[in-house]
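Here's a structure for you.
First chain written, first letter: the chains are A, B, C and D, and each begins at residue 1.
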Amino acid sequence: MSWEAATIFVGGLGTLAIFSFLAKENPFYRIFEHLYIGIAAGFGIILTLKSFLWPQILQPLLGLDIQTYPDGTRSQAYEPLLLLYIVPMLFGLLYYFIFSARHSWLAKLVIGFTLGISGGAAFKGFFNGTFPQITGSFKPLLVFSEQQFDWFSSLSNIVFIATLLSVMYYFFFSFRSESRALGKVSASGRWLIMVCCGAYFGSTVMARMALLVERLQFLMHDWWRVVLGMWT
Amino acid sequence: MIGAIDRRVIYLLVLLGLSIPLLKNYSVRPAPIAAAANLYQLVEELPSANGRVALIALDYGPNLVAENGSQARVMIEHLMRRRIPVVLTALYAQAEPYLEALPQEIANRLMLEFPDQRWTYGTDWINLGYRVGGFQVLQSIAKSDNLANLLKKDARGNPLTELPIFSKVHTLKDIMLVGEFTGLVGMLDIYLQFLQTAEYRPPIVHGCTSITIPDAYIFLDSGQISGLLEGIAGAAWYSELLSKASPARAIDESRVLNTGLGVAHLVVIALMILGNLTMLWNRRRSE
Amino acid sequence: MGLEHATVGSLVLLALMIAPVLYYIHRARRGDQLYVRRIRAVDAIDEAVGRAAELGRPMSYTTSITGVGPLLYACLGILYHIGSKAALYRNKLLSPQSDPQVMAITEDVLRDAYRDQGRLSSFEPRNIQYLSDEQFAFAAGYMGLIQREQVASAFLFGSFAAESLILAEAGQQIGAMQVAGSVNIEQTAFFVCTCDYTLIGEELFAASSYLTNEPVQRGSLYGQDRAKLLIFCMIIMGVAIATYNSWATHSGSRILPTIESLVMG
Amino acid sequence: MNYRSRLLRLFTFLGGIYFFLEFVLPESFSLAWLGAPDTNITFGKFTPQISNGFITVGAMAIGLGLYNLLSIHGAKVAFRRKGWINSVALLVGLAAMMIVTSRDWAGSRQVASDTEQLVMLRNFTQAIAADEESKAPVPPVITRNAALLSALEKTVSEVRERVTSQLSTLAQDGLSPDTPQHRVLATANAELQVALTSVAQLQVALAADPASTSRHVELATALSQAAVAYRQILSTAYEQSLTKKVYNFFFIGIFSSLGTAMFSLLGFYIASAAYRAFRVRSTESALMIIAALIVMLGQIPFGMWIWEGFPELRLWILNTPSAGARRAIEIGAAVAGLVMAFRMWLSIESESFSEPKK
């Protein structure tokens, strides 16, 4: 049996193991679950080395990307500033103090540092990610195209803005309001969230089923052909 | 009183509902999707001989390959037919094998269709491989004035300065189109946020899974993306347009998949109706 | 165009949003009573913890693929609360992990929770299990784990992707009481269908201030509402400007300066 | 507040300060108003390197996950606890995948380092010409040209040998001529031979006139073409190698098929969720069901047969009400996230859970 056929065969086997969970949690599923976790961990570790730590950090740091010419001269001088990369590497090792009860506070330093990084980067993220959404919501309630009143776009914009404001109002936590009108706005906010949930549910059926259809096609065509090939 | 149907019975119903059409390879013409037609036009009008490249990001794994894979396939094929150099990369680790396999598979198919023409690595496409670091990678690409120096090597370890495609690519301005294919939460946002400078922002087109269609529409509506492929339906209609333009093109699997999905939807709708009938029946019986 | 560097307008907006938060934290610390309405799903968390204690079966808490960031920070507030109750009732709390950094932070928070209840000795690091940083290997491990442990209550908080329905359905199949919270609206739809209670969007950020009822958190939530009110009014103003521009010129060209140009420069 | 928590607050602050300043400060500014001479500082100059530094800190944590797995499952195997066979499977999978993935990595790096020889010589040729103009402190041109010639001699013969052996092994392994790989190999080999012959001619010319660098530009281009073609041959050959096939067995066969299978479980789960949860109990659930039905009917060919307006209505529901609701939720979450980020960065936290007590 060729390696390609073996790959397809074990792929089908794994798929059936996962599907067997639908009936009940069983040993066949459990063995593949653990195998999957082991393989994913092994792949993840080497990938971090292969795609980041080696090419971007270690190789330049050790000067291994410098070519020595036959006459002994070098393609580029070694950049001493690269040695600074040792600092984050040592600092990152503090994570491992989490295991010692007495020194676990050292791990807190690097944890705090990482939390700080994503904290500091959030401000630029807000203005580039969310602010265009806010300004994108400034839709005119009366829309004219070629001097003509476009009632359909106007109606859509009115519904859009009404939904946006009522759902935002629903999420106010600290405004105490007894007035029935505002109570209605908040209730309609919740209804519109439900419409949004329903719409998303409907649109995700396509994605979920897409992969199930693809998996069944794989089992019925590719995998079945290999299994038959094994018997004959 | 009809007890609730055991979930295993429902799983069986779904299994049967899907397997039957697939066994007979039954397929119908896909529904026309406006956004896919506009994207086809946009790629069709791209200038092809100016050395500028299309950056294609495959940010999907085995879990999203059915939708994003079909979309990336039809768009990369269109770019290759128009001889626009494609630079592939990914910010998602699981995309590694697709970065290698997909362009090669398309090139092979094109070479079968046009025996006298060549599509080869280095001149028609290159693979920068998976890049760790998320938004920081894009930020560095946007800021860099010498991309070959910043990105150093491609996924196969070749220095970028060696590859013909990179001879004319120096800054973000040399990327005339960015195609981002993903269904991952928040992945498109970092391309929109960080792959730009104050002077230049490459047009970004997006292939989303059907779950992220509603978000994608927010970005299409606010003009942050210039084109959209919606799930397999988008890919199936794009593929239909490609087949119209070049009749010798083999039918790809998005058409059969699209039909199988139609049947799957009908099964879900039937179950929703069944669920309500059981409830009504029980309520009337208990009165 | 993108905002590479802050414009004066953006700094002013940032200050206007942060100022009320600092002000109300100060007032809350001084002891002022700030009204904050209840969220049903937050009460359900205590209900679920109580149920697990009664049945004597373990609980599970997962932030799935949430990375290090502000959202994880919000989930840690809830984790601390649930961890303290688990320590109090001597109930097993499983916490499957998908990111080594998040695992270190989770262990750190749970250790504090057990120490603050004076039960550091019964803290079991082995219950915090690293499964995988790959989304679906994690989901496969989670499904097997909670079915084998017959979990009584399951908590799912943070940012989720497609695996949300797998995690929720796994809990639903063993009849666990599930409280979920997600910032992604796509997954909220699934949680609404499969979980007993669902926190939607920023209710997740507000949850920790309810559970801990601490001045800093309550003040921050109160101030945050003011910041959102500012954006609420900005949207109304923006829509008014857009409508006026459109009505006045019948075409859509701009007369009044838009807010966008003020902030983005 | 003991010194430890003060140190923690400092490190958290330091973590965020770079990106905050990089955002707040303009692209470049001068400190002239401080009396310093016209210094023009571009704060963001080292962003790529600093970002790499931040990513490195996070990358160091990969050992934590490994340690956790090894300790939990290692203990299970050591003490034969219940389900220890599964732990054996996990540990075997872990070890096997690490070996296979690193072998695959080494294989593709081998291809690059083999081609490196030709690339190094090309750079050397260019360096000789460039250094001569810039009068750099280097050995005289004649000795450098001599070193270049002897190195060229050795490398070119190695390349020819390697290619012929590579092509013959591939032919033995049954790579049939009509496959695209074979055709790519053939064209690459043809280009390589052309480049190598022009290199040989330039070698003869250089040997005849060892002091000149006039032909170096031509030699450099010929070496470049040779490198590109050589790389194409080696990488295509590597694709057919045993290491790559074993890697594909683990990665595509087990790893990605299990991932795809897990995702496809959702097809079953979404159906059972639809049956169980989509029941008209209140206005809220009725609205949810109607929206779901419209969207579903709008995205399948069959929906069109009932009423061709469904795709339009589906788009409207996705674009208007649900986009509005989604945007409101996203804005709310973003504001909450921004406030939380600010509190987190400046450690304005609650007293409850992140005060390192004695």
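Definition applied: a residue touches a chain if its C-beta (ideal position, glycine included) is under 8 Å from a C-beta of that chain, and two chains touch if they have at least 3 such contacts.
Because the structure is a prediction, the values reported are computed rather than measured.
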Item to complete: Could you see whether B-C or A-D has the larger number of C-beta contact pairs?
Response: A-D
Worksheet, complete the sentence: Nearest to the mean of all protein Cα atoms is the Cα centre of chain A
Worksheet item: At what distance in angstrom does the C-alpha mean of chain D lie from that of chain C?
Response: 30
Item to complete: Compute the distance, rounded to whole Å, between the mean C-alpha positions of chain A and chain B.
Response: 16
Discussion item. Give me the residue numbers in chain A that touch at least two other chains, ranges are fine.
Written reply: 18, 21-22, 30, 32-33, 36-37, 39-41, 43-44, 47-48, 52, 56, 95, 98, 108, 114-115, 118-119, 121-124, 128-129, 133-134, 136-137, 161, 164-165, 168, 171, 193-194, 196-201, 203-209, 211-214, 216
Fill in: Per-residue multi-chain contacts in chain B, two or more chains
7, 11, 14-15, 18, 61-66, 93-94, 132-133, 153, 183, 193-194, 198, 210-211, 213-215, 218, 221, 231, 233, 261, 264-265, 268
Worksheet, complete the sentence: Listed in rising order, chain C residues that touch 2 or more other chains are 2, 4, 6, 68-70, 73, 100-101, 104, 133-137, 140, 162, 165, 185-186, 190, 192-193, 200-202, 206, 228, 231
Discussion item. What's the contact topology between the chains, one of line, ring, star, complete, other?
Written reply: complete
Worksheet entry | Of all residues in chain D, those that touch chain B in their complex | 27, 44, 47-48, 51-52, 54-55, 59, 108-109, 111-113, 115, 119, 180, 183-184, 187-188, 224, 227-228, 231-232, 235, 248, 251-252, 255-257, 259-260, 262-263, 267-268, 270-272, 274-276, 278-280, 289, 292-293, 296-297, 299-304, 311, 315, 318-319, 322-323, 326-327
Response to the item:
Listed in rising order, the residues of chain C that touch chain B in the complex are 1-2, 4, 134-136, 159-162, 173, 184-186
Worksheet entry | Complex contact set, residues of chain C against chain D | 4-6, 11, 17-18, 21-22, 25, 68-71, 73-74, 76-77, 80, 97, 100-101, 103-104, 109, 112-113, 115-116, 126, 128-130, 133-137, 139-140, 162-163, 165-166, 169, 183, 185, 190, 192-194, 200-202, 204-206, 208, 212, 214, 216-217, 220, 223-224, 227-228, 231
Practice prompt. Please give the residue numbers of chain B that touch chain D in the complex, ascending.
Written response: 4-5, 7, 10-11, 13-15, 18, 28-31, 33, 61-66, 94, 97, 107-108, 111-112, 118, 120-122, 132-133, 136, 139-140, 143-144, 150, 153, 155-159, 162-164, 198, 210, 213-215, 217-218, 221, 230-231, 233, 258-259, 261-262, 264-269, 271-272, 274-276, 279
Worksheet entry | Residues of chain C defined as touching chain A within the complex | 2-3, 6, 10, 14, 34-37, 39, 67-70, 73, 100-101, 104-105, 107-108, 111, 131-134, 137, 140-141, 143-144, 147-148, 162, 165, 185-186, 188-190, 192-193, 200-203, 206, 221-222, 225, 228-229, 231-232, 234-236, 238-239, 241-243, 245-247, 250-252, 258-260, 263-264
